[in-house]
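One chain, subunit A, links the two complexes that follow: it is found with subunit B in the first and with subunit C in the second.
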Partner chain A sequence: MIVMKFMLTIFLLMLMHVNAFAYDYDPLLLRAQTTLFPKIVLLDQDVATKTEKNSLKILVLYADDDIKNAELTKKLIEDKYKKNNRNTMSVNLIRYSEFKSSEIATAYFLLKGSDESVKKVSSYAERNNRITFSYDYNDFERNALLSVIMKEKTYIYLNKESFQKYGIKFIPLFYKIVKVIE
Partner chain B sequence: MKAVYLFMLNNKQLLDSSYVFNWALVMFRYISGIIIFIFSYASAQAEENTGSDILTELEQDIKRYSDLATNTNQNVDYMPYVISTLHNEDLVALGVLNLREAVSLIPGVDLNVGMAGIKNPIFRGSNPYAFGQSRLIIDGMEVNDQIFGGYNQLLDLPVDIIHRIEVVRGPGSMLTHVNGFAGSIHVITKANRDDGQEVVDNVFAVLGSDKQAGAGIIKSFDFAGGKFSSDLYYQKNDLSLEVGDDRFGNSGETDQSLKNYQLGLNFERGGLYFKARLSKNESGVSYGQAFSLTDDESDYLEVENNTFELKYIKALSNKANIEFALNYFDENRDLQNKVMPDGAMLMMPPPPTLLTEGRYFLVDYSEQTFSQRLQFNFDFSSSHKFQVGVQARQAKINDNNAAVSDDGLQSSSEFSLFTNEKRDINIVYFEDMFEVGEKTTVQIGGKLSQYSDVDDQSALRLAVVHRYNDKNIYKAMYSQAYREPSWREQYLSAPAFFLPNTDLDPETVDAYEMSYIRRLGHRDFFKINAFYLENKSQIDAQNQNRRFDNSEENNLYGFEFEYEIDIFSRDVLHVNYSYLDGDNVTGELANSAQTLIDVYYLYRLNNKWNFSGLVEYVGDKGRIETDTRDDVDQYGLLDLSAGYKGNEKSVKFTFTVKNVFDKEYSLPSPANTYPEDFPQSGRTWMVRVSKEF
Partner chain C sequence: MKNISLSIKITLVFVFVSAVTMFIFYTVFTSLFEKHTLLTEKEKVHLIAETLEPIISMNYYLGLAEETSNLAQRVVEHENVLGGALYIDGELLWQKKYDETMAHFHVDYPVRDALSGDEIGKLHIAYSMAQYNSAVSKMRFTLFNYLGLLSIFFLVFALFVRYLLNPLSVIAHRVKEYRLGDKLEFEDIRMEPETEVISEAFLLMVDNVREYTVLLEQYKLSVDESSIVSKMDPSGTITYVNDEYVRVCGYEREELLGARCDLLSHPEIDKAVFEEIWTTILEKRIWKGILKNKTKSGSDYYVKSTIVPLLDESSDLLELISIQHDITQVYEQSKQILKQTTDENTGLPNRIKLSEDVALQSDLKFGLFSLDNYDVIKNYYGYEAAYDALKQLSENFRRVLEPQGVGVYKLAGGEFGFLAKEGSDLVWFQQICRFAIEDTGNFQLDVEGDTVDLRASIGCTSNKGNYLSYSGLALRHALDSGRSLVYYEDQENLIAQHENNLLWTRKVKSALADDRITLFVQPLVDSRTMQVTKYECLVRLIDEDDKYISPFFFLDVAKKTKLYHLITAQVIGISFEVFSQIEDKDFSINLSAEDILHKETINYLEKKIVEYNIGSRLILEIVESEGIDSYDEITAFISKMKAFGCRIAIDDFGTGYSNFSYLMELKVDYIKIDGSLIKNIDHDRNSQIICSTILNFSSELEMRTVAEFVHNDAVLEYVQDMGFDYLQGFHLGEPVPIRDLLN
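Up next, the complex of A and B:
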C-alpha cells in the first residue's frame, strides 16, 4: 500500500512537471566534435568570404527541449577555439523551430532534431555553400555534410552526395584524412 | 621601383623624353608583374602553410580522441572481446547500491553463495564453486587474493564512487597482463576517471532498510605540480536473514551485517602514477565458515585489503613507450566462528568426542603479494599496435595462525592455517593488434606463466573483428586461459569443511566465441554472442570426501543477447537475455540458471525527474548429481526508483524500492549443508543523496 501511494505521488508529480528535457549525447563524442568542427571550417578554401567582419559565425541548431546541450556545445566550441587564437569567432544558438532563411552563418552545427528541421537547415546551407556539421551522422540522409564518429578510431565523415551539391572546396590535403561516405 | 625612378631622373637629360617614357613604362609593368607575382606566391604559400598547420592539428586531435576512446573503452563494440559496460548515471538511476548488484545486471553473470556467506559472481555457469575464475581490476590494479583467488570483500564498493564498470565475458581482460578465466570486471572510479575530463568533487550519502547507512566524498586538487584525487566512504548495515535447519538441525537468524570503509588515492605527475586502495570489511559470519549456524553473536569476520601501485610511463619515441609498474597487495583476515554447536559430536579424528561447549574456529591470517611489471608498447601505425611485457609476482603468507577452541574460548589449540607459505609467479605476455585491409582487425596474444608450486601454463588468444560497415560488426574469438589453485583449495590445514589437495593442477579453458553487433544509433545497439567453453581440470570439492580435486572436464555453451534503445529520445530500454547449457559439476548444470533476463527502463521526464524500473529474472537452478533436492526455484524481482535533481549543482535524490512485490527467493546452498537453501532479502528501500561541487 505504501509503495502504491508512493508511485501514485510520483505519477502526479510527473504530470505536474513540464520542464525542458535533455536528449542523450555521448559526452566524449561531443567533445571530439566540438574540437574538430571549427578546424574543419577553417579548411574551407573560401572561408574568408563567409565570415562576418573576419569573424567566423557559427550557428548551433537545437530542438526546442535541448537548450542544455546546445549551451554545452557552444561552450565547448568556444573553449576549444580560444586556444587556437586565430580568427575571432561567435557562436550563437538557435532553435530549429525558429530558424529563418536570413540566418546566414559561416557554418552550422546540427544537434539532434526532427528530420524536417535538419533538412530545412541543410538545404539552406547547401544553397549558400555553407558547411553543415551534424552530431548524428545519420543526418547524412537529411543532407548534412559532415560529422565525426568514434569507432575503433575517430573518423571525420564526409557525405559524398551532399558534397557534390554543396560546392564547398576544402584544401586538398583534407580529403586524405576524411572518410567519404557514399 | 625607387632605383628605376632615380635612374630615370638622373639620366633625364641624356635620354630622349619619349623614348625614356616608353622604356620606363615597360620596366614599370615588368617589375610590377614580378612584385605582384612574389606577393601572390607568398600569400598563397602562407595560406597553404596555415591550412597544413590546421590539418596537422586536426590529425593530432583525431589521434588524441581515438586514444581516449580506446583507453575509456568507448569503442568496445570494435574491440576483440565480449564486453558490456555499465555507467554510473544509469546505475544510480536504477537504484543499484554496490558493485555486486551492478555486476549481476551483466548478461551471463549470476551470484552464488559460498562459505561464510560469500556472494561470488559466476560467469556463464563456469565452476560455481571456485572464487577466482573471474578477476576484479580496480583502476588498473588487480585485487584478487591468494587465499580464495577471489575479491568478494571488494564487491561492496558503492556505485557512488564508480565512474563505469566494464565486464569482459570469457577469457582475457582489457589489460594484457591480466588473464581472466571466465571473465574480468574492470572498475574505473570517479576519482580516477580516464576520459580526459576533470574529476568532479562530490559528496554522497545512503540510507535504507536494515539500518543501511553510508556516506562518502570524492575530492581532487592540484598538488606538488601534479594531480591528486581520492575517494573515501563508510557504510554499514544490520542485515540479518532467516535460514532453515543447518547440518546440525539448528535454524534461526544469520548475521549478514556489514561495516565497510574504503579509501582510494591517486596521484599523477608527468608519466608517474601512484594509486592506492585501502579497505576494511567487518561482517557477520552469515551461514558459517563450515555451513553451520552460530549461536554466538560475537562471531565476526574482518577482512582488510590494501593495494598500491606505482607506475612510470616513459615515451621512447613517437611510436613507443615503456611502462614500469610496482604493485603491492596485502590482505588480513580475522575470524571467530562457532562452527559446531553445543553438544555436537566430533567424529574425526576417532574416537568420537562430545563437544559440550561446541567448537570455535579462529583465524589470524595475512598474505602479501609484490609484483614488478615491465611492458613495452609500440604504436607502429594507427592500425598496428604491439605490446610485450614481463611480470614477476611474489606472494607469501605473513600470519598463518588458526586455532580451535572446544571450551567456549577459554583456551585453544593453535596450528598453521596453511601448509605452504609462498608462491612465485613469472609471467611473459604479448599482444599484437593490427588491421588487415580497412575493415578487419586481428588480435594475436599469448601468455606464459611459470609457478613455483604448480605446473607452468601457457595461453593463446586469436581474435578477428570485422567491421562490415558502420552498423554491422562481427567478431570471432578463440582464447585459452588458466587459473592456478587458490591456497584454500591446495594448502588449507585440517580440520576444514572442504579438504585441500596439494596435487592440484591449474584449471584450463578453451573458449570459442562469436559475436554480432548491430549499431542502431549512437547509444542504441543489438548484440548477440554465442560461446562454447571446454573446461578442463575444474576444481571443486563436490565429492564424497569433500576434498578439492581436478575432477571436472566439462563443456558449457550458450548465447547472450543485449538490446538497448531510446524509444522516445528521453529514455533507455535495455533488455538482456542469457541462455546456458551443458554441464559444470558432476555432469550436471549445478547452481547455474539456464536462463537469465534483465530488463530495465530509464525514463527522464525532464531535467529534474527521472524514473526507472528494473526486472531481474533468474531461472531454475539444478543441483550436483548426488544432491537429490528439487531444483532451486526460479524468481523474478522488480525494483523501482525515482530521482530528483533541481538543477545542475543542486542535491540529487534517488528513492528506490527493491523487490517491490516482496518476493521470497533463495540462492542455492551446497549439498549436505543447509537443506533449504539460503533465503534472500524481501522488500527493502533506499534513499541516496548526492551533490556535486
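Up next, the complex of A and C:
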C-alpha cells in the first residue's frame, strides 16, 4: 500500500510537473546559454547599430505555457549581468503568439516553441540582421542562428546556412571558438 | 705604387672592394634586420592586445570586473610580457609591475566601448626585448660567420689571381732584362692561353726588333759609307763623327768631338743662315740646305746638308744628327752650267735656259720683247750705254715681272723673252706684256748726261714648237704695223703678210732692174700769187701692167731690205735730171732717217748736187717723226746740205715728237704742216689753234710754212687767210708724172 502510495505520489508529481512546465529545459544548459548569450551578442561587429538608445535590447520568446521558463531565463541573464552606468541592457519577454513585426530587438533568445513560431521569429531576425539564439539547437532546421550545447565541454554552435542569410559579422575571435554546423 | 706588381694590385683592390662590400652589406643587413625584428615584436604585442581587447571591452560592458581583470592578467602569461596595466574610464582595473631596468618596450593599446566603439581606456603592455636581442645576436653571429667565410673565399680567390698572373710577371722581368743578342725563352713558364699569346707576341716583337736592328745597322753602315755624318747635342757640341766626316774635313776625330758644330763653317756664310738653321731646329723641324765649309787645310768644299732634330718621348730636343753629302764637284759644275745659261751682262737666264724651261712647259705663253731703239743707242752711245740700258731694263723686269710669275730671259741684242708660268691666262699675260711696254716707255735712260727714251714692242705666241719663230714673226708684224704688241694667233694672216712682203720685195727688185721706178710731182702754190713755185717729187713704181703703184705698198717693204737705198738713189737721179732741165722751179725730195744715216746714199746725193749744180733749188724734206732718234746725225746732215745751198723742210709736222726748240736747232727753212691738221681746219677749232701757233712760231723763226692736203675751196680760203706761205693739195694740183713737166 505504501508502495502504491509512493508510486501514486511520483506519478502525480510527474503529472504536476508536466502541467507546470509545458517544455523541459536542462537548467544547467539554460544557465550556460544565458551566460554566453549576451557575450555573443556583443561580439557582433555591428552591435552598436542594433541597440535602442545605446542599450542592448534582448527579447526572450517563449511558448504560451512556458512563461516560467521565460522568466527564469530573464532572471538568469539579469542576475549574471547586473546593470551599471554603462550596461543598460534590457531583457523583455514575449510570447511567440504575440510576436509582431514591430518587436525589433538587438537579439532574440528563442525558448522552445512550435516550428512555425520559431520560423517566424527567425525569418524576422534574418531580415533585420539580428541574432537569434535558440535553446534547442534543433531549431537550426527552423533558421535559428546560434545555440549552445553541453557535452564533455560547452560548444557554441553556428548555423552555417542561416549565418550566410543573416549577414552578421562577428569579431574574428568568435570564429575561433564557435563550431559551425552544416 | 708604380713598383707594386699587377698581381698584388689586383689582390689589394679585390680585398679592398670585398671589405667595403662586406661592411656595407653587414651594416645594411643588420640595420634592416633589427628594424624588422623590432617591428615583428611590436606586432606580436599588438596582436595580443588586439585579441584581448574586444573580450576585455565586452566583459567590462557586461560589468564582469573580475573576468576583466582575469582576462588582463592573461596578458602577462606570455613569457615575454613583463607587466602591464588596464585603465578604463580613468580607473586602474588591473596592473602588474615589472623591472623597468630590463630591456623592454611598451605598447599602449586603446580599449573601446563594446557598443559605441569610443575609446574608454588603454591596455598598457611592457614587452621584453630579450627575444629581440637574442634574434639580433643570432643574426650577427650567423652573418659574421658568413662574411668570414666569404673573406676567406676572397682571399683564396685573390691568391689564385696572383697565381694566375705570376707567369706574366716572370715574362715581364725577362723582357725587361733582355739585351740584344740574348736568347729570350719562356718555355719553362707555366702557360695559360693568354700568357702563351703574350709570350708569342714578345718573341715576335724581339725577332722584329732584332731584324730591324740588323737593318738599322746596315742603314747606318750605308749612311756612314756614303755620307758625312755627325751628331750634336742640343747646344751644338759635336758628339759623333763618322770616318767620312773625318776624311773630308781633315781634322782628327779627337779634335772634332767636343768642338762646336760651326768649326768647319766657311767665314763667307752669312750669320742669317745659322740663325735660320737654329730657328728651324728649335722649332723641331728638319733643316735642309747647302753649306759652304772649309777643311782644316783651308780649302773650300760644299755639302748638301740635312739636319734632323731627334726628340725624346716628351718631344724635347735630345740631339741633332747631320747627314751631309759632298757636292763640291756638282756645285762647281752647276755654277758652270749656270754661267752657260746666264747672260753675263744682265745676270738673267739666257736663250739656252729659255729652251730648257720651255721644254718643261705644256701650256706656253711666250713674249719676245724688243727694245726698238737698241741699235740707235748702241750706235750713238756705244756698247757700254746699250749694255747699261739692258742691265737697267733687266733689273726693272726682275723687280716687276718675276713677282708676277713671269720668267725673264735675255736673248740676242735688245731682245728679252718673257715666259709665263704654266697655266697662266693669255689675256693676263698680254696685259703683263703691255705693262712691260708701257713701263719701258716710261723708262728714261741717262747716258752721258742725255736722257734717252726707250721704246719697245712685243710679239707673243702660245705655240711651243716654234715659239721663237712665231714670236719673231709677231714682233716683226708689230714693228711693221706700228703696234706695240702682237699676239701670234692669226697664223695665216701673218704668213700671208710675210708672203706679201716677199712679193713686193720681188716687185721692187724687178722694177729697179727694169728701170720702172719713176717720180710724180705735185705742185706747191704760193698762197699770195697762187702761182706754182715748187714741186714735191713723189716716188712711184710702175708695175708689169704699167700701172703706177703708190709707195704705200712697197716703201716699207723696201726699207727692210737694201733695196730702199736704191730707190732713193733713183729718186735723186730722176728728179735732178728732170729739174736740171726746168730752170725756174724749185723741187723737193723726201729723205728718211735711214737715208740720212746711210753713208752711201748721202755721198751719192752730194755727188749729184755737185754734178747738176742744183743745190740752190733743192729742198730736202725730212719726216718729222723719224728724225728724233738720230738728232745729231740729222743736225750734221742739215749743216752739210745747207753748205750746198739746199733748203730743209720738215715734212708731216705735227705728227711726231718735234718741239719748237728742236726745229730751232735744226734751222729748217720750211715747215710742212701735216694733212691731218689741215683737212678740217675750216671747222676744227683744235686744228686752227695748233696751226695758228705753228704759224706764229715759224714767223718768228723766219721759217716758211706749207699747208698740205688742201682739198677744197673752204680749206683753201681758210689757209690763205691764216697766212700760210705755200699750199699743196689735190685741189690745187694732183701729182703728175715728172716727165710731163718737160712737155
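In the analysis below, the second predicted complex is superposed on the first by the 156 of 182 C-alpha atoms of A that agree within 3 Å, B and C clash if a C-alpha of one lies under 4 Å from a C-alpha of the other, contacts with A are read in each partner's own complex, and residues count from 1 in each chain.
Keep in mind that, in the parts below, a residue touches a chain if its C-beta (ideal position, glycine included) is under 8 Å from a C-beta of that chain, and two chains touch if they have at least 3 such contacts.
Computed from a predicted structure; not experimentally measured.
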item: In the superposition, subunit B vs subunit C on subunit A residues touched; value: B
item: Partner chain(s) touched by A:L56 [first = subunit B, second = subunit C, both, neither]; value: second
item: First, second, both or neither for A:I171, with subunit B first and subunit C second; value: both
item: Partner chain(s) touched by A:E152 [first = subunit B, second = subunit C, both, neither]; value: first
item: Partner chain(s) touched by A:K39 [first = subunit B, second = subunit C, both, neither]; value: both
item: Partner chain(s) touched by A:V47 [first = subunit B, second = subunit C, both, neither]; value: second
item: First, second, both or neither for A:Y81, with subunit B first and subunit C second; value: second
item: Interface residues of subunit A shared between complexes with subunit B and subunit C; value: 39, 42-43, 84, 171, 173
item: Residues of subunit A that touch subunit B when the two form their complex; value: 3, 6-7, 10, 13-14, 17-29, 31-32, 35-36, 39-40, 42-43, 68, 84, 112, 136-138, 149-156, 171, 173-174, 177
item: Complex contacts: residues of subunit C adjacent to subunit A; value: 51, 54-55, 58-64, 113-117
item: Of subunit B, residues touching subunit A in the complex; value: 48, 51-52, 54-55, 57-59, 61-63, 65-66, 68-69, 72, 74-75, 77-79, 195-197, 382, 441, 465, 467, 470, 521-523, 566, 569-570, 572, 604-609, 611, 640, 642, 655, 657, 660, 683
item: Residue ranges of subunit A touching subunit C (in the complex, touch as defined); value: 38-39, 42-43, 47-48, 51, 54, 56, 81-84, 86-87, 89, 171, 173
